[in-house]
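In structure tokens below, several structures.
Here come two complexes built around subunit A, the first alongside subunit B, the second alongside subunit C.
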Partner chain A sequence: MARVADVVSETARAKSLLLDPPDWAGHLAGQHVDVRLTADDGYQAQRSYSIASAPEDEHLQLTIERIEDGEVSPYLTDDLHPGDELELRGPIGGYFVWRESLGGPVLLVAGGSGVVPLRAILRHHRAAKSDIPVRLVYSARTQADLLYREELESFDTVITLTREEWSGHTGRVGRDLLEEAAWPLADHPLVYVCGPTGFVEGVADALVAIGHAANRIRTERFGPA
Partner chain B sequence: MIELDGNAIGGELYDVFGMDMTGVMGVCTYCGAHAPVAEAVVYMRGPGTVARCRACHELHMVLVTIRDVTCVDISGLAALEMQ
Partner chain C sequence: MPPISHGFHGRRTDAGERDRVPPGQYVTHDFPVLSAGPTPHTPLESWTFQIRGEIDQPKSWTWEELTALPSDRVTVDIHCVTKWTKLDTVWRGVSLDTLLDGVDTSAEYVLAFSDGGYTTNLPLADIRDGKAWVAYEFGEEPLEPEHGGPARLLVPHLYFWKSAKWVRGIELRANDEPGFWEMYGYNNYGDPWKEQRYAGD
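Showing the complex of A and B:
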């Protein structure tokens, strides 16, 4: 059982939980945990949540977007308070992770809450003082939905909004934006794509269409949009 | 039925195999495609979960979890190749 050290509002719909799991042996940037809730009558529900913090950070951080009719996410965003406990399994995953030995240049492509594990990669990259080039392309609905907005401005980040006109890019992440933002193909970029299932499929197809090698594209799907 | 990928079953597979399986190469029994387990098409539905080949969509794995114990049938994979 991990103790909740703090709960932080990220947007109107998303909160971060700062956790202190006992005997935590550390994690790799990009990994997730499984959170399990058990009701008084014994009924259990389990969901996966990516780790938002770098291995070097003090607390284990999760960022959860509330799905209105959801079984688990509203509890995590609305009902947890510092001092509460949460059952976790993990860290999980050895594929959707980045560490310096995997090289780059690295392109990270996020849709919505898919930015969570990619933010962990950015924080780890900075903490490790890596000089491998890394860039984030992040698609969100509106400015109000942007997670970690201020922090991401301190990285090489390209944001596109799908439901709001603003001074930056608008529209979905398609071939044009990827061609503009991706590293030269000759450098064999390593690409991480994360977000809703449909978003990930669309971006992965577009990357292959513009010439990226399928075995240099790592994907993680979060479910419906 | 929610469509995900093999990352989502990393926890269950870890419990069964005692190691991370998402980065292990699976070889499809039906079409021979090689792909990391993380790239399988995964459908979650109640206690049963299935993983299918992204290339030919045949069944790779069936996972059933009852009271904390997960059983997995991997007959759709001809081989699991550690990297």
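Showing the complex of A and C:
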């Protein structure tokens, strides 16, 4: 059981939970936890949530986007308050992680809430004072949907919006943007792609098509859409 | 009994379905995808399915040969470790019993291998006696690449990562060796009814 230390609004639809799990043995940037809710008659539901914080951070942070008709996410974003307890299990997952020994250069490609574990990687990279080049390409619907905007703009970040005209890039992450943003192929970049299934499929296919080695592309698919 | 999440009601599974849903799973009507990397696209002309390892004469089928073998239409429930369960999924594929027919081996384990370098390990007994198929149709349609097409292993009694996507063969082995997800902290066997999700469960 982890105690909720704080609840922070990130956007109109997303909130972060800052948690204090007792005896937390630490995690790797990119891993997730399983959250389990129990109703008063014993009924339970579980979902996975990526860890948004770096291992070096004080609290364990999750960022949850509210899915309108969802079973679990509306409870996490609307019904939890500081002092509440939340049952978690983890950290889980050993492949979609980055640590300095894995090298780079590193390209992170996020769709929507898929930015969560990639933000953990960026924070870890900074905390570890790594000089491995790392860049984030982040696709969101509108500026209002951008998570961690100010923080991400302090990193090497390219943002594209799919449902709003603005001064920056617009449209989906396709070959053109990837060719422009990716590190030279000769440097064998290590690429992490995270987001809804359709987004990850599209980006991973485009990366392979422009010549990235399939075994240098790590993916995490959050679910439908 | 874990503490109550006050105010959480949840979406119950229909009573009629409840005993088909393993602990910690929820029923979905989508078909979510879990893969570690990009989806491979292997041309059918160069596709083969192999049985190798502890076998005197390794066996191999081309796409044409495999899909010409007698096939089964199976309706099964599938359970993914990321918590979704999908009921009454309909597949067509060749039973591993057909492929292993006449194979004389001392092996007790198999390592299934796939395009993209993905592997998963299973006891040989778990893919025999009508428990596993090389499936190439889903819902009466060719199996889509993101769901493991052209063909994936189908071992519905275990968590779905054991149903290796893009499967290209099995290696018969005397010893058990962890596959891809098994090396990254997932359970070695993966029985959804015992909720064997992760190492140590």
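In this text, the second predicted complex is superposed on the first by the 225 of 225 C-alpha atoms of A that agree within 3 Å, B and C clash if a C-alpha of one lies under 4 Å from a C-alpha of the other, contacts with A are read in each partner's own complex, and residues count from 1 in each chain.
Assume a contact is a pair of C-beta atoms (placed from the backbone, for glycine too) under 8 Å apart; a residue touches a chain by one contact, two chains touch by 3 or more.
Remember, predicted model here, so these are calculated numbers, not experimental data.
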item: Which of subunit B and subunit C A:Asp6 touches, first, second, both or neither; value: neither
item: Partner chain in contact with A:Thr219 - subunit B first, subunit C second, else both or neither; value: both
item: Partner chain in contact with A:Glu56 - subunit B first, subunit C second, else both or neither; value: neither
item: Subunit A: partner with more touched residues, subunit B or subunit C; value: C
item: First, second, both or neither for A:Asp156, with subunit B first and subunit C second; value: neither
item: Partner chain in contact with A:Glu164 - subunit B first, subunit C second, else both or neither; value: neither
item: Touching partner for A:Thr197 - first (subunit B), second (subunit C), both, neither; value: both
item: First, second, both or neither for A:Asp176, with subunit B first and subunit C second; value: neither
item: First, second, both or neither for A:Asp187, with subunit B first and subunit C second; value: neither
item: Shared contact residues on subunit A - subunit B and subunit C; value: 34, 48, 92-96, 197, 218-219, 221, 223-224
item: Of subunit C, residues touching subunit A in the complex; value: 1-12, 24, 26, 30, 32-40, 82-83, 116-117, 146, 180-181, 183-185, 198
item: In the complex with subunit B, residue positions of subunit A that touch it; value: 32, 34, 48, 89-90, 92-96, 197, 200, 218-224
item: In the complex with subunit C, residue positions of subunit A that touch it; value: 1, 34, 36-40, 42-48, 71, 75, 79, 84-87, 92-96, 197, 201, 204-205, 207-208, 214-215, 217-219, 221, 223-224
item: Subunit B residues touching subunit A - in the complex, by the definition given at the top; value: 2-8, 10-11, 14, 20, 22-23, 36-39
